[in-house]
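So that you can tell them apart, the chains are marked A, B, C and D in the order they are listed, and the count of residues begins at 1 in each.
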Amino acid sequence: MEPSKKTPPGKFVEVPITVRFGDTDPYGVVYFVSYFRYCHHGIEEFFRHLGLPPQGLFRNQEEGFGLPIAGASCDFYKPIWYGESLKLAVSILQAKDKALTFGFHFFHAERGDLVAHGQATIVAIGADWRSRTLPDRLRYALEPYLPLT
Amino acid sequence: MEPSKKTPPGKFVEVPITVRFGDTDPYGVVYFVSYFRYCHHGIEEFFRHLGLPPQGLFRNQEEGFGLPIAGASCDFYKPIWYGESLKLAVSILQAKDKALTFGFHFFHAERGDLVAHGQATIVAIGADWRSRTLPDRLRYALEPYLPLT
Amino acid sequence: MEPSKKTPPGKFVEVPITVRFGDTDPYGVVYFVSYFRYCHHGIEEFFRHLGLPPQGLFRNQEEGFGLPIAGASCDFYKPIWYGESLKLAVSILQAKDKALTFGFHFFHAERGDLVAHGQATIVAIGADWRSRTLPDRLRYALEPYLPLT
Amino acid sequence: MEPSKKTPPGKFVEVPITVRFGDTDPYGVVYFVSYFRYCHHGIEEFFRHLGLPPQGLFRNQEEGFGLPIAGASCDFYKPIWYGESLKLAVSILQAKDKALTFGFHFFHAERGDLVAHGQATIVAIGADWRSRTLPDRLRYALEPYLPLT
């Protein structure tokens, strides 16, 4: 694991994750699919933290844009059991004109070690589903969270 | 349990249910919430069996109606484990002018015993979310499945 | 709707519910299945509020008991959209020797009106899956929340 | 997109995917998280096709192994709506002594075009959660599906 993977790059928003009864596999370990749900919760809370209600960002008919997810990945280092809690650090890994890549660091809430690490890219599209630049109000709000280059 | 609960009343549509990896609780038993998802799968397959694609029924903007679920309940008699399969019998318990109640009998696919029993009521609404009569094409298609009265 | 349905009977635990991106149906309205997940979150938070970690209650091998859900129902009065929030009041509707019935009142977080109302019954079982009395430590902790009779 | 991404490498198992009512985002498009569930369904069906019941593979206490998912990723090329169906081709991208990487090609069931493409790696662990070689019976069964090298 490269150093960049072990800690969020720069500023991040921390989101507490409680493992719920329906989040595990039949053996009591958090199902890998649940982490991708947690990632989306993380994006929602990140936007909310920026003062941008997520329901006006993922799709906005008046402003004529949408922000679908174009790709996502996650690596799972340690099993997490029902009854355990996580801290999710949501950061911006890369911001391009038309796309934004989030980083997700999942830490065990008590032990503090990294248990999973993922990323997801959202792209900006217009009403015609063609790619366009990210909405200005999103770009401005993101600035304090952009990674140093 | 009354007799009516042990078997579907009259004609029914049988839907095979494979318990999936994410459907259980942390102890490997099917999570009660999953049964309600199975019930909705059952309604979708029931409509499909009637020749009515479900995506044109739950909401239909051209014809100006929607069929939201107004209530649902389920009783759970026996635990089902990951690796087991179910047979779901979907029937009509009651058809009113403006509402339709489905019955769901979940049988163990191999043993054949009843493991859960539920029902769900959908109501017809117009574009204004006010109640209206069920669409005619649904009422006609349902006729062979109506319970004897 | 009877009066008892409009407000929780006596003492309750309030749980905030944020509607998540994956919780809706294809038309943006909270999927009825999601309410049952919220009900289980409610039970988990109720137990936590009582000082009883839920992971030691739903199944406890050392103490030799489990608390599976034997039945659940919910009625849905108004549509809730992605971007809206709910307040869930979790109360005890009935406590018997071997079973416990929870009540769930879902209120719109801002408007305050009741949007859905449900209940779920958990039963106590032993290691042999036969019914037994509720664990004493649960009964004691519940006392302040028991309905007046 | 490299050629290898557009079609499954060599032999594959085809799994039909019906988009369910709870699988979409609030705008009616399949939620990216649902694809990861479909990937796991694909692995389950792949194992079943090989004559290996999945419930005896993801964890097997008698034989002393488990096969957790160590990483997964997926790219999403086109939106899929409620009412559409997919064909999922599940193939083996790489088989190592202690790990197995599956490829997932999602095609639109009617149009036939590639709408999403993912992969997931499972690793073999012993009862102590340390890595070990894949069980022999899995390795033998996989042979017809191994990619040419």
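The working rule: contacts are C-beta pairs under 8 Å (C-beta built on N, C-alpha and C of every residue); 3 or more make two chains touch, one makes a residue touch a chain.
These numbers were taken from a predicted model, which means no experiment stands behind them.
Shared numbers divided by all numbers used gives the overlap of an interface; between subunit A and subunit D this overlap exceeds half, so the copies present the same residues. With chains reduced to the mean position of their C-alpha atoms, the one farthest from subunit A is B.
Superposition on CA atoms relates subunit A and subunit C by a rotation of 180 degrees, given as a multiple of 5. A separation of 29 Å divides the Cα centre of subunit A from that of subunit C.
Measuring from the averaged C-alpha position of subunit A to that of subunit D gives a distance of 23 Å. A separation of 35 Å divides the Cα centre of subunit A from that of subunit B. Residue positions of subunit A touching 2 or more other chains: 21-22, 25-27, 33, 37, 40, 55, 58, 81-82. In terms of which chains touch, the assembly is arranged so that all chains touch all other chains. Residue ranges of subunit B in contact with subunit A, taken from their complex: 21-22, 24-28, 31, 33-34, 81-82.
Subunit A meets subunit D in the complex at residues 25-27, 29, 32-33, 36-37, 40, 55, 58-59, 66, 68-76, 79, 120, 129. Touching subunit D in their complex are the following residues of subunit B: 18, 20-22, 37, 40-41, 44, 53-56, 58, 81-83.
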